[in-house]
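Below you'll find the structure, written out as structure tokens, and then a few comments.
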Amino acid sequence: MFNKLEFEENAKKTTRTSRLIKGLSAVTIGLLGSMLVLSVISAEKAAPELAQTALDSISLSGVENPVTAVLLNFRSYDTLLEIAVLLIVAVAMMPESSRNTSLTAANSRVPTHPVLIGLIRCVIPLSVILSAYLLWTGAYAPGGAFQAGAVLAGAGVALLLVKRWQLNYLRLSARAFMALGLAVFVIVAATVIPATGRALNYPADYAGALILIIEVAATLSIAFVLILLVDQLLNMANKQVKPQDTQTEGLDKS
Amino acid sequence: MSINQLLPLLIVLSAILPGVAIFCIGDHRVQLRRILNIGGNILCLALIVLLIRGVHQGEIFETRLPLLPGMDLVLHADALSLLFVSLSGFLWLLTTIYAIGYLGNTQHRSRFFGFFSLCVGATVGIALAGNLITFLIFYELLTLTTYPLVVHKGNAASLRAGKIYLGYTMLGGALLLAGVVWLKALAGPLDFTATGILSSLPGLDPNHLIIIFILLMTGLGVKAALVPLHGWLPTAMAAPAPVSALLHAVAVVKAGAFGIIRVVYDVYGIEFARDLGLTPVLALFAAATIIYGSVRAVFQDDLKKRLAFSTVSQVSYIALGTAIAGPIATIGGMVHLVHQGIMKITLFFCAGNFAETLGVLKVSEMNGIGKKMPITMAAFTIAALGMIGIPPVAGFVSKWYLATGALEVQAYWVLVVLAGSSLLNAIYFLPILHVAWFKEPNPAWPAKTGRFEAPWMLIIPPAITAMLAVAVGVFASSEVSPLSWAKLIAAKEYGQEWTRSAVQVASASPLILATVLTPLLFSLCLAAPRCRKLVKRAVPLAVLPAIVVATMGVYESSALPGLFFFSTFGLDENSRVLLLLASTLWLIASFYSADYLKNDKNPARYSLFFLLCMTGSFGLILSQEILGFIAFFTLMSLSAYGLVIHSGSADSLKAGRLYIQWVIVGELLLFAAIVGVALDGSAESFADINKKTQPIWVSWLLVIGFGIKAGLLGVHFWLPRAHPVAPVPASALLSGLMVKAGLIGWWRFLPLGEATLLDIGGGLIFLGLCGTFLAVVIGLMQQNPKALLAYSTISQMGILAAGVGAGLIAPSMWIVLSSALLIYAVHHGLAKAALFLGVGVAPLLGADNSNKRRLVLALLIIPAVAMVGLPFTSGAIAKTALKTSLENLPWFTQVLPISAIGTTLLMLRFLDLLWRTNKSPSPNPALTNSGLLAYGVLVFTVIGMVFWLPQSQPFIAATFYSGSIWNSLWPVMLGAVIYLFGRNDLFKNSFLFNTSSFDVEKTFSKYWAAFTDMTYARLGRTWELLFIKYKSLASPYFYLTRSLESVKGKNSNSIPLSIQLLHPGLLFLGVLACMILLLAFAS
Amino acid sequence: MGAPGIVMTSAQHFLPLVIGLPLLAAVFCLLVSNSRWSARFSILFASIHTLVVMQVLSSLRDSGSVWRYELGGWGAPLGIDLVLDGFSVILLFATTIVVLCVTTYSAAYFKTPQQTSRFWPLWWLLVAGLNAAFLSGDAFNLYVALEIIGLSSVALVALAGNVSAITAALRYALVGLLGSLCYLMGVALLYRAYGTLDLALLSQTVQGTPITWAALALISVGLLLKTALLPLHFWLPPAHAGAPAPVSAALSALVVKASFYVLARFWLDVCSPAASADALNLLGFFGACAIFWGCFAACRAKRLKLLVAYSTVAQLGYLFLLFPLTAAYGPSAGSAALAAVAYLIVAHAFAKAAMFMAAGSIQLACGYDDIDRLRGVVSHQPISVFTFAIAGASLIGLPPTGGFIAKWLLLNSAIDSGQWWWIAVILCGGLFSAIYIFRVLILAFTARQGEQSSSGGPTHPIPQTMMACGFMLAIATVALGFNAEWLLSYMDINLIGFLAGTEPLP
Amino acid sequence: MSQDLIYCTTGIGLFALGLYGVLFVAHILRKLIAINISGIGVFLVLLATAKHEGVVDPVPHAMVLTGIVVAVAGTALCLWLTVNIHCRQITQQGESK
């Protein structure tokens, strides 16, 4: 399946797998899928005991939204590791070098369309406010750090797409942004030990505040990491594919 | 942790840690490395000594480290482990010294010595292992650590050897592991205990135990080189000499053999193993290996390969001894562990020396190497003789115990195997000795530089081990010998005390000992070049103690404690007579040869063999116990070879070859016979031999074995060829004295006067008398006076043999008959010696001085007359004595005069020949007056001695009856008449008397040689094809690697082959489907 | 709400530390971009990590029972528990030792800031993921931990920077994602049927119903893909061979073991009611095939690191013999087999890490690692070759190494359970391993025949620490060969299915 | 056919579809999309599980959220690797030209 990884557009034609095999395997997968469905049908869904327990414990969690309670209190460990996953990808995708020295740099040479500027000026503050709202509302309604971070990242990506501004991901501050969520989470997890005797066991009184702190940090990190991911992908695609494209175009013309 | 718990561990560490340290220091730190090496060695040895002392005092040494739950790493010192551990420790020291000298300034010495130490550490660990898993751990460690040593040279051959070695040992290790794990699962922690652990465990399935045993034996058999698992050993010869020495003598093969002992005795328990029917199979395999290895060794020209196959053969002695399953055989097997180690390491050291100093790798290049490298070759000789099983070298002791042990449990076939193996050993070792000592050295070899023939570090180790090989043989009965340890182990194993029954009196009579020791010491002095001239002149002095003892009649017996051979010497009436004969003949021969061989080109060699022969002949007369007798007998037979071929002519070489072949065959028969005599191993001295219950096969073997020496018809072929070619004094001794050794043997061992053995006695009489007459017929046809005399010897010995046969038929006559035979022997010995010496004197017939001529003539005629038995001569007395004592067998007495006719014919013919050949004056006779004087003295002894003997006194009077005078006179006269009539025909070279076309022996030996050559060639080629090209077990490995190598070229890095074969997506789906299906439908 | 009989001691607070410490180290290394300082900090962190784990080990022995740490104080099923039993503590032990050595090795191996700035955070995140996986008591948490391991491994492989390595990394990433998804599907089905994610609770309620079978099948296939059992092993050799040497060491030694660990948990503990003997035997059969195929491919490999990678395929096959050996032959045989496999994991981790380190040193010194050109390498890389030899001996299963003990235990349990055919497989596997190991070692003794000028080329000096690290691991392999009792006694503290009922040590 | 079952069947169907795509479609981007489709299938099954009579189980929701993040991360990494390889191959081709 991963023998020859195709990168060309017209890859379908070059695949080596014969039709018979494909047909057979489609049938097999269909069969397997139906067996899965059958097995699901055959089993009773378990009684929602855990859901009940979770809903019963909401009052102790410091937030009112059950999903947020699960994410950041009951199963906060999962979330901690999840942020670590994001960090991995961010670290992996960090650029190897950067010409800029400061965190942000403006590129005045890039021509900008006034409409675009206007749109940006309009959208970005809205996005930031929306993000903050999502973060805040996560405590009692659907929303939370990831959603907020995603919206924030959207704003950032929009900003970068204009190409007038660039971010230097190798700066200490950039790396601090990346690590912020994980660091704060871990530190909070550790600092509550003296109080409650368990890692990640927030004291009931401060639970809400602590969760908020974590969520803010996580939002920033998530947003930054997502911006990094998109930016890097776009950068690489632009930087390296372009010359090739122009070359082929030139060849076509001739 | 007390010292007792620590000591075994310390011993192992004292070998391993220096190795590790050596790795860490650079290649150039020679001094430091030597200090580490030798220091570790000596420390190890010291600890071993401590250990031995402690164990002797009954302390328990055990290191127990936890390894696994329910499984400890145990190092335990018991008698068996001490045997092996002290062997490895000691030989390690020597090998290290040797290796330091051998490797000199080559590369990678750190690596070599490091692994060397580790290897010994592993061996010591194997020795001290207290349970099977510990054994296994060190066993595998040994595999790993020897591999770098095998491939040390890094050339293609050694890499290939390494591959094969690994292939075998890895496979063996895996099987061993399987066996051990299985056994552990059945029987728990597998600690070695003296009587086995399995028999006491209930509820074990015997079939499982048998399979496990096969697994274990296969695993161990690889290292012990049991056929068909031996393939690695000969190829491993590509390694450097010290490694080969270590591999073969100490570490690897011994580890396998030791493991076999451990498993059979301490895990299964010998009785349990026998009940399971396992030991006979093992014994069969061991026996097959013994024979196979020896046969293969015969066809190897590469010296180290020959030695390697010899190892294959010899190591299986240990397994054989283990498998025979009797206490004595056990002792034999265990003691061979040590003995073989010492001897084989010597051989490999020597082979290494040859290769290093002279570049000699092949047997065919070894001509005359003994002259270039005498010390090395001497060590080689001792070890090789030991390997053959020549007493008193250590190898005999093991073989002796193996054979007696086999008889104890009625495994007669083992005797055949042992004898066959010894024969083959002789076939592949003796030619080496011959060419090395007696051929001319290659002129291309560099002249000797330096003080020794090689660096001292290469000389000392083999010299020490060679001496040790003799010492452990001779002193095998002392308390500290390996044999005693082996007995201790066997005692524990069988739960019974097994000690030597003979109580020995610790008194030594210096005079009797001096009789034997003086010639021996003289011969040893010949080793020093400075003493040679002195010793050569003083040879007659060596006989002096014997003469004193014989004439004064020192009837003391002398017992030496602690000696395995030679423990008891003594003299009685009969042996005194023989000693008198022997001393006289040696004295005269020594004077005679001093004159006769004054222009000889190799006098030292002659003196050496002369003295050794003398030692042997005195010793066998004086020795009062079986092993001493046989040792001296062998010494005499073998050193006579040197006398036979002394002249170096083609004839003498051929005769020598025939001689040595018959000697070896005789030795083997006698070995078997004497083992039968001792039977349960308890009989040591002649007094202990239980002759009445002697098995019939033993008697037959005795008759034939000693018959070879005594020139009995049918086995006499060597005699008329060997006696004539030797120098005159040597021929005299051979015919006069040495053939009597056969007679003495009969005397000592056959149940004469105690049991009636009609068939054997009858056979002996028949053969003896036939010999008497046939020898006359053939003798008459000879042109060479010495050959004629040799036939005369056969004829006369035939009478003696017939006499012995008569003694067997009628035991009651034996008392009288024995003294008659004695007289006859003395008479014949003296007279025949005189006749032979006369051949040397005869050229003086052509002397200018007519008085001298007459004197010489008279002196020549007198012994002939005595021989014929004319009245008033010694011959007459002897014949009368014989007749008198044989009155109960009248037909026998009728035959005697007829033999006298024949003797007369022979004597006349002899004189005739002498006269004809020496009529004309010879320009430069070999003999001068001093020789003539000696001869004269002998002639007078011939006349006088018999009259002087106390045994002959009763018969002297009978001789002078007129009837008896007539009785002795008429056959002579008849003979003279017949001779006068036939004389002319004899010289006419008619077809009948053409000796050259009618030489039975020559024809026989010619066909024999053709046959053997043909067989060797044919078999050799076939074997090469079968076994060398297609290495039995390693072949799958080679095929595999070859196929791998062939596809390697097509291999590409990026795309794994599996993807090319199968679509991974399909695989994924397949696994998923399998999972679901199996989970859903199986449960 | 801990299970009965499970005690909480103060030393248990080390459990979150075992995970938190690497995470903090990752953050730290990310912030400190100076390569020298991050290396130093990493070594410091690795040492502290080792001390912590050792403390955990000794306290666990003292307490003698399974540890359970309720993160967040909620306890299963609502919260997530960290669970430490004998099996996981042995894996933790292996991890910590290998991590210590690999960290020290990497400190010398990676030089350029481009590499170090990414390597160290990724490396510590990988360690955190491994520790999290070994300590996790929750099915979904295991998913996240496996993802951390998978993605950080991919990123580390890609660090090598050449096209083939990155392609291998991409393939690895796809495989990892697919495996994770299958696993997640299985977990989803389990949650649907039994309403809990906690492994201990699951194991009490799981029954052999079709949905369990489906879940187990999905989980197994996902994890088999990640563990690279024979038919699904195709991604492993290029990835492990292409990665930088310390990464290869960690991947082969630890990463594949994590998914195996989870697999073993599910088959033997969580879903044991659904496990049929045939399915267990199938796993064993695949394992046997992996042994032979891995050895065969290793014999053919042209590059040293590829050889070692194939050897990993073979050695993983041994681990899968666990399943048939525990199959329905009573608790004693099963626990013995598990002990054997746990020991094998440790022994293989040490040996394989040492081997990759040695191969890496050789590659770095010579600039290539084609086996045919390595002739005479011993003259300038003696310690590396020696390390390789010792590690190889352990892989073959020769005494006195840990591999021997493991093999012994495996054989023992094969005999105890009466399945002699596995004995043959184990022994033959050892013999075949010997062939490829000695294929390399023979080079060490072959004299270099005038090749210095043609293809040998100049050799680069190698930092002593790198060789020392590999050598220390090799020594540790040998040390494992003695006194195995110390480590094996942890297997008495066990949570796994058939032992859950037995009394823990007082 | 209950609502739950529809969701489940759809989820499993998507999962199977994605599986086929991952296994048998050659192009790397399609593979990535297929993996994401598979993931969505799994999330659907989880969400279906969350729905109970009367209560909504928050745990599967949390799991899905976490799973989405992980999927995003994984996809991003794969994309990055893909682009990386693509660029390098192109530069290699350019060099060889």
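Each chain gets a letter, A, B, C and D, in the order it is written, and its residues are counted from 1.
Everything below uses one rule, namely that a contact is a pair of C-beta atoms (placed from the backbone, for glycine too) under 8 Å apart; a residue touches a chain by one contact, two chains touch by 3 or more.
Keep in mind it's a predicted model, so treat the numbers as computed, not measured.
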{"item": "Winner on C-beta contact pairs when B-D is weighed against A-C", "value": "A-C"}
{"item": "Computed distance of Cα centres, chain D from chain B, in Å", "value": "85"}
{"item": "Distance between the centres, which are taken as Cα means, of chain D and chain C, whole angstrom", "value": "27"}
{"item": "Length of the line joining the C-alpha centres of chain B and chain C, rounded to whole Å", "value": "61"}
{"item": "Where chain A touches two or more other chains, by residue", "value": "1-3, 5, 17, 21, 25, 29, 32, 35-36, 40, 45, 48, 50, 54, 74-75, 78, 82, 85, 88-89, 92"}
{"item": "Numbers and ranges of chain C residues touching at least 2 other chains", "value": "140, 144, 147, 151, 154-155, 158, 167, 170, 174, 189, 191-192, 210, 213-214, 234"}
{"item": "Chain B residues counted as touching two or more neighbouring chains", "value": "1059, 1064-1065, 1068-1069, 1072, 1076, 1080"}
{"item": "Chain contact topology (line, ring, star, complete or other)", "value": "complete"}
{"item": "Sites on chain A touched by chain C in the complex", "value": "1-3, 5, 35-36, 38-40, 42-50, 53-54, 57, 73-78, 80-82, 84-85, 87-89, 91-92, 94, 96-97, 170, 172, 175-176, 178-179, 182-183, 186, 189-190, 193, 196-202"}
{"item": "Footprint of chain D on chain B - complex, ascending", "value": "1064-1065, 1068-1069"}
{"item": "Chain D-touching residues of chain C, taken from the complex the two chains share", "value": "140, 143-144, 147, 151, 154-155, 158, 163, 166-167, 169-170, 173-174, 176-178, 180-181, 184-185, 188-189, 191-192, 197"}
{"item": "Residue ranges of chain A touching chain B (in the complex, touch as defined)", "value": "1-3, 17, 21, 25, 28-29, 32, 35"}
{"item": "Of all residues in chain C, those that touch chain A in their complex", "value": "13, 16, 20, 23-24, 26-27, 30-31, 33, 69-74, 77-80, 114, 117-118, 121-122, 125, 128-129, 132, 140-141, 144-145, 147-148, 151-152, 154-155, 158, 167, 170-171, 174-175, 189, 191-196, 209-211, 213-214, 234-235"}
